[in-house]
Every structure is written in structure tokens, then in C-alpha cells.
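I am attaching a structure below and will ask some questions about it afterwards.
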Amino acid sequence: MRFDPPEASLILADVRRALAEDLGPGDATADLLPAEAMAQAYVITREAAVLCGQDWFEACFRELDADMAITWHATDGDRLDAGQTFVEMCGSARALVSAERCALNFVQTLSATATVTAAHAAAVAGTRTRILDTRKTLPGLRIAQKYAVRCGGGSNHRIGLFDAMLIKENHIAAAGSLTAAVRAARAYHPQLLLEVEVENFAELDEALAAGVDRVMLDEFSDADLGRAVAQVAGRAEIEVSGGVDFSRLKNIAASGVDFISVGALTKHVRAIDLSMRVKLNPK
Amino acid sequence: MRFDPPEASLILADVRRALAEDLGPGDATADLLPAEAMAQAYVITREAAVLCGQDWFEACFRELDADMAITWHATDGDRLDAGQTFVEMCGSARALVSAERCALNFVQTLSATATVTAAHAAAVAGTRTRILDTRKTLPGLRIAQKYAVRCGGGSNHRIGLFDAMLIKENHIAAAGSLTAAVRAARAYHPQLLLEVEVENFAELDEALAAGVDRVMLDEFSDADLGRAVAQVAGRAEIEVSGGVDFSRLKNIAASGVDFISVGALTKHVRAIDLSMRVKLNPK
Amino acid sequence: MRFDPPEASLILADVRRALAEDLGPGDATADLLPAEAMAQAYVITREAAVLCGQDWFEACFRELDADMAITWHATDGDRLDAGQTFVEMCGSARALVSAERCALNFVQTLSATATVTAAHAAAVAGTRTRILDTRKTLPGLRIAQKYAVRCGGGSNHRIGLFDAMLIKENHIAAAGSLTAAVRAARAYHPQLLLEVEVENFAELDEALAAGVDRVMLDEFSDADLGRAVAQVAGRAEIEVSGGVDFSRLKNIAASGVDFISVGALTKHVRAIDLSMRVKLNPK
Amino acid sequence: MRFDPPEASLILADVRRALAEDLGPGDATADLLPAEAMAQAYVITREAAVLCGQDWFEACFRELDADMAITWHATDGDRLDAGQTFVEMCGSARALVSAERCALNFVQTLSATATVTAAHAAAVAGTRTRILDTRKTLPGLRIAQKYAVRCGGGSNHRIGLFDAMLIKENHIAAAGSLTAAVRAARAYHPQLLLEVEVENFAELDEALAAGVDRVMLDEFSDADLGRAVAQVAGRAEIEVSGGVDFSRLKNIAASGVDFISVGALTKHVRAIDLSMRVKLNPK
Amino acid sequence: MRFDPPEASLILADVRRALAEDLGPGDATADLLPAEAMAQAYVITREAAVLCGQDWFEACFRELDADMAITWHATDGDRLDAGQTFVEMCGSARALVSAERCALNFVQTLSATATVTAAHAAAVAGTRTRILDTRKTLPGLRIAQKYAVRCGGGSNHRIGLFDAMLIKENHIAAAGSLTAAVRAARAYHPQLLLEVEVENFAELDEALAAGVDRVMLDEFSDADLGRAVAQVAGRAEIEVSGGVDFSRLKNIAASGVDFISVGALTKHVRAIDLSMRVKLNPK
Amino acid sequence: MRFDPPEASLILADVRRALAEDLGPGDATADLLPAEAMAQAYVITREAAVLCGQDWFEACFRELDADMAITWHATDGDRLDAGQTFVEMCGSARALVSAERCALNFVQTLSATATVTAAHAAAVAGTRTRILDTRKTLPGLRIAQKYAVRCGGGSNHRIGLFDAMLIKENHIAAAGSLTAAVRAARAYHPQLLLEVEVENFAELDEALAAGVDRVMLDEFSDADLGRAVAQVAGRAEIEVSGGVDFSRLKNIAASGVDFISVGALTKHVRAIDLSMRVKLNPK
């Protein structure tokens, strides 16, 4: 199982921004540790979680000590038990202490998304339905969070406004009709997936006739979802959106839709409780 | 009541990073709206909240339409009722649609922190105790989140490792003793607040004798907190930290400590549920 | 007719990079003009062309004189005759002289792409076939060149490796089979257009069976193109690529394919011959 | 023979900008290749060319795989025959496939300039005349193109407006006279080469009397060039500019001028036709 | 003795900015040295000085030749005698020649600050008084200069407006009273050192009553300083500021104040006279 | 009299760097002033000086309050008397207080260079000799300091290693002879001024024979300078360098050389003593 982390340069930019916030002109207390002191450290999780953020974690320490030795006992996407030690480090004591908070902040935040995604994915396991993320993300962390969704077993919706088209009511109003909007969109961007948000069966019919790639069903009841799947009959992918509650996931998946998109994966965060212990080497 | 948002250039950097994530090479669907079309829009909150993020919200739209008119019906720090319309806009339809998601992501994330901080502050109202944040923040958003804490009625702990000194067990081990660590820290950075984490009464005594500005009591019971307050007797500020549960806040405050620092304010996020409506102007 | 230029911030970045190259620490000869001198200027094209680059042109001058008055007599996408004056300016003499070369470099380069694209589009006019660009672009100018293609009446293929998937022989070899590669790609990125490069009819059949969105026919003869169109029968879009010569465009279009992608639009540049005249205002 | 490429940091900036354009949030198809797969690759040129761009090419691959092995069979400035394999690589399969297009875009663009420059230099070989470039360059690629001109056997004119002074008609008008303009320019920037554009023999005399370093003869006939060379008699360098056609180069050089500056070297690009083959290593 | 240089990334940013100024598009004369030539070099100081700037010096050379061998015969903070060779290098001849000026500029500037600070520190040696710097620094070099102050045996005042609070007359006027200003400041930033500038004994009393951490005595006579020390009686730290002349340092220190802040340490620079010799290796 | 300040974007970069150093995450004490409070301010110089730095000063305040009204009573290059008020401002009280230190740091530093340059220029007034600066500058402030030299009546030597060539002993050693070095340099960079450092009359002859633009006489006695001027006889410009003491300027100028370059203009700084007064407007 692989989850293809973002390009290294994007991760490094995230890490440098975080270190700049925390270290600014320098760690005032690192001065208390000798420049040449070495230390060992390890991190445990105090609660069960799906791990995510290895590359960010490593980059935080490597920015301050390029030679830091880091040994992982788990890989992004792995389930961790409460109390499990999942990474050990050995290197400059100052680097360990100065980068600790930033490194943990990344892992506790991204593992939170991976963990909640895994719960959603488990709820629809065994069906054709897959869990998608949305553009409701933490500002500045979208690419990282989308990776976390993959680590949790979810799939990514578009990254942003540029790599797929979702036609909504305002676009339709501006174009004059749903059909006109679809035609214009195809002409502008023939290479992009084209999805239309529909609110009723008449719009669904018009979208299918216009030849869209995917329809987003907005606030359809469970019963209507079944009817919509039958009506679409494989002519387009079906995505369900609109404030989906966790408890409804199973029912929606049972209707046979392709995707359920869930804002909660990335807009809410319940940081995983991690703890890092540092032990200075005796001189 | 004022909360002093960060310098405009910091806010702009946050906003540009978020827009770059979402718009990248351009909003593929903005093409469906005429370049010159104007629209009106407003945002409501679907749940009660403390507002935070006005400057980020404005900057998202102003980056795309410098002339966007934005009228606020509330101010950062104000409590919003469920269903309340708190801002209205008028400007380029494309700018409204293209910047919508980024603008809402900022407000839903920062208002989340302000709202949960307000609940914590309310729990200790009427005591001398104040709620502090920590360095457990969302990577890249620390300055923004610290502002949100102020909007919610909390106070800020240090921004990062550079603007105050918190001496922990590893520093003490490296320096040889708590007293030696305090002396070295004062020598290096005489202008910074000096706080020491203590785990028992012996350490507390040593810290007070060494002349620290503040002590952090780590995992003290309620009973021990009272004893500690008595022992300190105003010679230093007292901060309680270490996984403080919301239900314990009142009891801790009753002991007379100065500060309770709460990681949950900024490491967890339960995004406020917002909705923006856009209405194209007729031609 | 509209062509939706890139976001203003991307254009500004292009312009600032170009001004930095040319002005570096400052225009040594601008010193010869009084700081407060005003001038008028206009630009003519010495050859017929399709205009492209207005926003870059304006930004070059506005960076040096925010109040420069700029009056256009044509719009991006318009055909210009040889000898036609298409823009007039009035503002700081120094700004006019210092920004002239950068501004012209943008317009002569981008109009070159628009002009050659228009010739290609004209060659297939009246057919269902559309002209696409490729990723063979001038380093650093891709977004600008893709806009120029639109101004010339062409359509854009994917921007880069991130917004659509083109599966080639190496991907197929790694996945084990074309079908396996398609399945894996869909799983990783369900929201992206999926195209497969095929070299013969057996591969074409396999691609259609795997349900791709588009096939790229690599070096098919005109006769084989007709057979391929019949075989596809609307089940996928068809793109012809692979070193297409201008003289073959009509024949290829006659076969009924959807797209012809042409590297020459953006990898070759025959800059349009422009001339700017500046006239200092008498004191 | 050496051509002194630009400082490594400038090359890296070019390369990162190009990779950002093409990879943005990540290569969607790289996911199809195993993260640990290795591959071999080589590049051939399908047409005769003068090679240019080694450092850019290497940096593209090394950004994605710092350990990529790259073996060159030619050096910048070397003539390549059609069909010649000029570089071989061995490293991460993903890195090879993801960086291929950017790397080739640099070499095909810069070799184009080197190749056309070499043809111009050959046309004046055996004379004292040297071929110069101009400021008519591709926005963002000036330093790289100026290096390509050197690789092709040409010489560089000034980099931009800051490192030499070319006094034109507007500067003269502002200063009151050619002599006054020269005097002011010398006073402002005594360390910069001072060139004046002259359109007739009277201006030429005035320029020589004012003590300029170089004169630019604008649109002089072949006969007038001879007379000008005689009149200058070594008191200044002579540059011929103004839309010089390739066929006229020999005649101009025969007149004995020092330099011919040619905008076509850098404003036009006819990309060299390159092909890269990648072969995955068997597992 | 250790002085904890700024984080490596801050130093690198300083160095890159300086190299960009000096090298811009490239060292035109480095071309005269063979690309592969090696050389040896050493630096002597022509006058006695306290060394400061090793990391900046090294980074200048390492940016151009990552493998440059650099051997130090002294360490930041060490006193150098006139004529002493303090560093030797061996590496690329071009790198040595191209980076020489930038590297020396850093060391001659920072050692200047270290040297003058050491003189001030010596003047108050044996007393409790310590020498502080101020915010009167060279724009862009504050962090570097503050490090130089530490190397010279001084202590740092706040880095900027963000890491400590100095309440002055305008703040007091706005708040209504000194006491009100102190109270508000404590409420806003409980974790920051709070200092108040006082101009007479009444203000001093009010500041002490308000519980400030430090008082800044502005233009107090030597006699008044003694009275102030007695009045404060250890209840706050005492800083003397306001155009302190070198000759007065001893007298001020004799009064028993904690700190004397001296703008001259960082706003004036008398660059140390250094000389670097480069010797090309025979081929 | 005009001195052509650097491009606005360069000035803005200087200013933003300085503000970032001083304000970082925000001015902690600005909170004490009401956000909407207005104030008036003025700056006096406590000593005679030549003013320099208006654009940097303005940009500091305008970054924090775009509407700040700024009225100048003097212009860059003007002589100020001790006690003279040279600028008045009116705008946001917070912006005035927060930007004050940065703005003054620029003017006190740049006016120092302008002032000392003016003294040097006065010493050679009435002769043909002009005062030049060097590359011995404060890291990061070279362009600004070179402007200050012009404001003081000096001329600029080359900006950096890229815009003129100074051939020294190592270049000559590498090339084999002075003549060979000059020939190679001309071939590489025909558009750059070519200067050679000579240490005796034999080298001077060789340089003149090789046709250099300028010679730098290194440590020649006054008597030898006269002989050198006679020997050069107008065939090249003459620059005197090498630790020139202020008291020797007159004698050197009397010898008839063209330029004296003086490192002390920019490597030493004796900041001008300025004072800014802020007066809050009554509510």
C-alpha cells in the first residue's frame, strides 16, 4: 500500500514556515544545552491512530541537524495502538529540543485527518462507494491534508478550482441554462473532469443529457438516492455531498453511489495525543 | 474591546498561500461568469460562535477584486447567533465565487478557536485565573490562532521559542541543576520572561529561590495546587498545564493560580458551520 | 469573445521577474531623463498578428508608474494588420523608456503563439477537430503561453502533470498491463481526466474496454485514423499527436478526431515585429 | 573552450520555477511507478544542433533525485549530429519520468539559441566582426539565453539597462544635445561603457568628438558602413544593428565593423527536436 | 565560552542577499580563472579586534564551492592581534575570488561591533552592570549584530518590538497614566518583560508601585542614579539609557545599576581592517 | 540636482526586511494606543548632515499606514543644520510609533554615508578628481549606500563583480600575463569597462599598451602619481586606491588623476544623531 507523499519541495516549504513561526530569531532556551551534546528520543501515541506525516516530521529535525538518525517502527497509513512507540531518533540535543514541537504539530494534525478518514472508509467498506475529501481545508495545509486523506483510505476530490470543474447554481444562472454552462465549460477546459451539482430529478436529467462526467446530488434523501442511481444507470459518476452525517454513511453507500464527499475530514481536527521523550547522552 | 490583529503583511501572506493552493493557475469555472458581471453576497453562521478572521476574509476577496465592498454586521470577538448574517459583499462575481472557499476556510477555522476559548474563559470568569494558549498549533497558522485566542477572551503564552524561556527537565539536566539553568538563562537573555516547569514541591522551592518569573506546575492535584499557591505567596506567577480537562477548570481556578494553559484551544478545531450565498446582479 | 487571462498575481510575478532581469539595480540611462518628465508613446506592429499579452504589457509600465494612462485599440485575440497602432500610453517618460523592452518582449512572444495557433485553428475550421497545446513550453512561461493558445483559438491540454493523467508505455510496463494501469490511475485520482497513448489497434481496444476518457493515437496514418474513429464510435475522445506537420492538419481533421495536439505552438517562437515610439512632452 | 554558465543559484531558480509549473501539487501519474523503481534513460537529438543547457538539465533531475547518475557524451558548445545520443542517466524511475519534460524544454530552447548563433558566427568567421545578442529575450530566461549565445560562439551585449549605457534619440532630446547627453551619462556612471545610436554622419562626428566608447550605426547601407569605418578610424568601437538579415552578415562584416547585434538570436526560437527514452529496470 | 550564533537559515539568507548584490548575473572576471583551478588563501587582520562572523564567512565561500576547506585559528569572541592570520582556506580559485569581498564585508562589520562592545564591557568589568545593545541597528543586520554584541561580552536587549515591552511617554499619554499603561500591557502580553521609561523620581515611584520588571532611567545624573538605585531597592531591574558617553560608563556602573544600553554598539561601525591573500596552485 | 534613487521595488524590499526584523509577529506595545488614534510627528537632526534616505523613510511608515501624510522640508542631498526639523508626518499613531525606529535607522545610516562623502568631495573640489565608492559595503545595503554616495557628491564605482572588470594579480597569474588577461577579458565581455590594477611603471606601460579603459594605481607615492599621469597622457582613466587617508586627498587630486576610490565611505558608519517626536492628537 502506497500513498505517494507530495513532492519534497512542498513538504520543505511547510516545514520551514512552521519552524520560522516557532524559532524566529532562535530558540532562547537551546542555549542551555551544549552545542555539541547528543541525545536520543522517541515518540509514543497516547491513543489509537492512523499515522500520517513522516516526511514533515523528518524534515523538521533534518533542517536543524542534517545528520539526525531517524528510525521508524511504522509507516504512513499504519494503524498505531495507544502507547505504541513509532519512531526513535538520535542526534543533536539542541535540534531535538528545538524542532520537537513543530514536528509533533505536523504529525498530530495530519494523523487526525488520516484517523477520521479511516473511520469513514471503514463505514462504507464492502460497497462500491468511496470517501472523498473537499476544499474545506486548513489554510496553507491543503496538499498535506489531501495526502492524509489518502493515508486514511479515502480518495481525493479536486485539489482546487483549477484541476476539475464543479458547476453550481451561479454558473448555471450566468450561462443561461445547465446545458449551456456544460457546453461552455467543455469548450474552455476539455481536459478537466466536469461535474454538475443538481438539486432535483429534472436537473439530473438535463445534466445527463448534457454529457457530464459526474453529478453531485445535493441534499437528496436516501430514497431519492436509490432512484437517482437507477436513473443515471452508469452514464455518469454519482457523488453525494451536503452535510453528510457519519451515521448516514452506510445507508448512502447502500444506494450504490460512487462517492461521498465529507468536509469533516479536513475542516475539523482532533489532534492525536502524542508524547516525545528526550534523553541526553551522558558526556 | 480590541484584539489587535497581526500586521497586515502577515495576514496577506496567509491569504496568498491559501489562494495559491485553491486557485493555482486559475479558477477553471470562473470562466463561466462574465468578466464584468457584478454580484451580491452574504454569509450566515449556522451555529452560535465567536467571530474571528475579518481581516483574512477581506483580504481573500480584495486580492481578486481590490474594489470589493464589504459591510460587517459584527466585529472580531463578537458572539454570533445561529442563523445570523454577519457580513455582506458587493463586487465582481468572479472574485466572489473564486475567493469564497478560502475566505470561509479562514473564518470557520479561526472562529472555532475563538469560540472554544470563550467557553474556557467563561468557566474561569470571576477568578484571577486566565486562560493561556500553547505552542500546539496548526502549522503555518500560529500567529492567526493566537489572535483568535485573544478574540475569545484568552491570553497568549509565548509565540515561540524565542520570546520567553520555559526551562524543562532536559535543560536542567544539561545545566547540572535548576538553579544553574536559571542563572545561565538569565545571563543569556536578561530581557525574556523566565519560567520553570516543576514537578514537586522541592523543585518549586528551588525555582522560587532562583528567582524565576513564573512556575509551571505539571500534573499537580487540586489539593497540591492550593498548597503551591500558598507556598509561592506572590513571589512568582503560577501556571497550570498538563492535559487540563474542561471540567477541572473551575476547581483549578479556585486554587488561585494565575494561568491555565490549554493545548486544546489551538490543536483541535471544530470548524464553525458557515454558509455564503451569492446572487448575480441582473444585466 | 473572452479568453480569461491568468490571475493577476501570476502575471505580476512574470512581470517582476522580467523587470528584475532588465533593470536589476536600476536603468543607468533613465537618469538622463528628468524625473518629472512626461511622455506619450504608441506601439505598432510591423506585421499581421493576433494580439496577446495586454495584461503583461500594462503591468510592466504600471510597476514603474502606477498612474500610466494606457489606451488600447485592440483586445487580446484580435487580428492586427501590419502597420497598425494598437496601444497608446501617456505617463512618466522614465517609466516608458525603462519598461519598454520588457513590455514588448512579452507581447512579441505571446502574440507569436497566438498567431501561429490561429493559423492552425483556421486549417481545421469547419470540422469537429480542435487544436490543443502541449507541455513543450518555454520554461517559466507555461501559463502565459497557454493563455496565448486560447487567444489564438486553440484549446488547452493539461497544464502540467497534476491536472490530468496521460498513461504512456512506461506506466503500462510498471503496472503490468494497460488495463491494470488504468485501474490504478482511476483509484488514485478519480477526479482527473484519464488518457492513454496507444500505438496500434489492439491497444486501442484494450483502452476502450478499460473505460478511458480519451485516447492519444501515436503516429497513426491518415487511413488508420479513419478506422480508429470508427472503432472508437464515441466511446472516448480521440487525440492525435506525434509530430504533426501543418500540411497534414486538414486531412487529420477530415478523419473526425476530436483533438490534434501541436508542440510547435509553444516550443517554437517567431517573435512578432513590434515598434514603440516615445515622444517627450515639451516642458 | 569554456562558456562559464551562470551561478548555480540562478540556474536552480529557473529550474524550480519550471518544475513548479509542471508538477504543481505533484505528478498524478508518477503514482503508477513504484516509489523505489529504478530506470535508465538517454536523450538523442533528431537534428544537428549546438548543445546548450547541461546544468539546467541536470538540476531538473537532481531536484527530484539527488543521487541521479548523469553521464554526458558532449559538452555545452559542442556540435551534435542528428541521431546522436548525448546524455545517459540512471536513477529513480519516478524522477526520470516526472522531470523529463522540464529538462528537455530547457535543452531544446537553449540549444536553439546556441545553434542559430553558431550559424551567424560562422557567417562572419575570418573577419574582425563579432556577433552580439540584444535585450530582445524570452521573459525570465535572459541570463540563460545570454549563456546560450556564448555557447554558440557569439558575444554578449549588455545584460540589461544597468550594466552599460546606450544613448538613444529620446535621451538626446531630453539632454538638449548628443554632447550634453554623453557628458551627463559619463558623470552619472563613469564606470559603464557608453554607446550612442547614430543615424547619420553628422551624429557620428558629434559622438566621436564627445568621446563615446562605441557607436551603434542604425540602418546604414553597406556603402555607408565602409565610409563610417574609415571616419571612425579606431577612435571608438562600431556596432551595426537594426533588423540585420542573415544574408547581409558577410557584407557587413567585410566593411570592418566590430559588432553586429542580432535580435533574432534570442527573440525567435526554433526548438531542437529531442527525444528521451526511459527503460525501467526489471525488478 | 559560547555565543550561540543565529539559526543557520537566517545566516544563509544574509549571505545570499550579499552574494546577489555583488555577483548578480555572475562575476565577469572569474572567467579569467580556469573553472577547475584550485587555490589557497588566508586572512589576516591589520588591527587588533574581537573576531565575529565565522558562520557568515564560511557560508559565503560554501555557497560557491560546497567543498571549500576552511581552517580557523580563532573562534568568534576571541581577541585577535594586529597581523594575526585567523583563517586559511583551500578550494576552487574562482569561488575564493568571487566570494572574497562578501565574506570580508561580513567579518569586518560584525567584528567591529564585537570589538567596540568588548571595550564597553571592559569598562564596567568588576561591577554588577552589564552592557546592552538597542534597536538602533543596521537595517537587515539586526540578528547578526545582536550576535556580535554577545561575542563582545555584551547582553542583548529585546530583539524588536515583539519580544519585550518598553512603555514610553506616548503609551502613557494614550493609556491615561503610567499605572493604566502597565496594567493594560500586562493584560495584553503577560509573558513579556515589561519595562517603563521614567524621567524623574515621581515616575519611578509610580512604576515601582505598578510592579514593572525593569525601569529605564532617562538622562539621570550620576548623583540621581545613586538615589534611584537606593529607591528601587531591588524591586525592579534598572537600565540606564540616553546617549551614554563612553567616559561615563565607569561612574554609572559604580552606582549599582543593572544595565547600560548603548546605541553606539550597533549604529556606528568602524570596520576592522582585514586583508585576504589568494595564491593559485600551480597546474 | 538629482540623485536617482533605486527602483521602488528594491527600496521596498529593504524596508520590509527591516520591518520584519523589528516587528516580527507584531509590536507588543502598539496595543496600548487605540487603533484609530491619529498623531503628528517630526524629526530633527541633532548634528549637521547631508540628508539621505527619504524613500526608505517614507516606505517604512506607508507600509503600516498607506495614507500617512509626510511633508519634507529638505531633499536627499541637502545639507541640514544641527537642530533642523526636516520632515513632518501626520497619520495613524500606531504606525508612527511602530515604524519610527526602522525609519530612523535607514536615514541615520544612509545620511552618514552621504555626509562623509560630501566631506571627501569638498576636499577635492576644484580639481578634475572625483571620489568613488568601493565594494566594501554593509551586507544587504549596497544599492542604498551607493545612492547615498551620489547624494553626497561622489560617483559610483562598479556595483558588483558583474558590471565592470577589475583585473588583479591573480587574474594576471592565471592568464599568464597582463596582456593575455586583458585580451581574454575583452573577448568575454566586450561591453564592460576594463580596469587593471598596476603596482609599478612597467605594469602601467603594459596596461596602456594592452588598451585598458582605466588603470588603478596601487599604493603609489604622490611623486609617482605625477609621473604616472604624465605617462598615461590621457590614454586611459586613472584611479587611485589603496587605503587613502583623508589628509592625502588634496595632494592626490593635485596630481591630476581622475578618481580616488575610498572604502571608508561605505564600510565605516557614524550614524547621524536624529530624534523623532510624536504627539498624539487629542480625541
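Letters are used for the chains, namely A, B, C, D, E and F, taken in the order the chains are written, and counting of residues starts over at 1 for each.
Just so it is clear, contacts are C-beta pairs under 8 Å (C-beta built on N, C-alpha and C of every residue); 3 or more make two chains touch, one makes a residue touch a chain.
From a predicted model like this one, the values you see are computed outputs, not experimental measurements.
A.B. asks: Compute the centre of every chain as the mean of its C-alpha atoms, then state which one is farthest from the centre of chain B.
C.D. replies: D
A.B. asks: Quick one: compare the interface residues of chain B with those of chain C and tell me same or different, with half as the dividing line.
C.D. replies: Copies use mostly different positions to touch.
A.B. asks: Compute the distance, rounded to whole Å, between the mean C-alpha positions of chain E and chain F.
C.D. replies: Distance between chain centres: 23 Å.
A.B. asks: From the mean C-alpha coordinate of chain A to that of chain F, what's the distance rounded to whole Å?
C.D. replies: Centre-to-centre distance between chain A and chain F: 52 Å.
A.B. asks: Could you grab the centroid distance between chain A and chain E? Build each centroid from C-alpha atoms only and quote it in angstrom.
C.D. replies: It comes to 45 Å between the two C-alpha centres.
A.B. asks: Got the chain D residues that touch at least 2 other chains?
C.D. replies: In chain D, 4, 23-26, 30-31, 34, 143, 159, 162-164, 188-189, 192 touch at least two other chains.
A.B. asks: Which of the residues in chain C end up touching chain B in this complex?
C.D. replies: 2, 4, 6-10, 143, 146, 159
A.B. asks: Which residues of chain B touch chain E once you look at their complex with the stated criterion?
C.D. replies: Interface residues on the chain B side: 4, 130, 132, 155-159, 162-164, 187-193, 213, 237, 258-259.
A.B. asks: In their shared complex, at which residues does chain A touch chain E?
C.D. replies: It comes out as residues 16, 19, 23, 25-26, 30-31, 34-35, 63-64.
A.B. asks: Which of the residues in chain D end up touching chain C in this complex?
C.D. replies: 14-15, 17-18, 21-34, 37, 39, 56, 93, 97-98, 101-102, 104-106, 108-109, 135-143, 159-167, 170-171, 173-175, 181, 184-185, 188-189, 192, 263, 267-271, 278, 280
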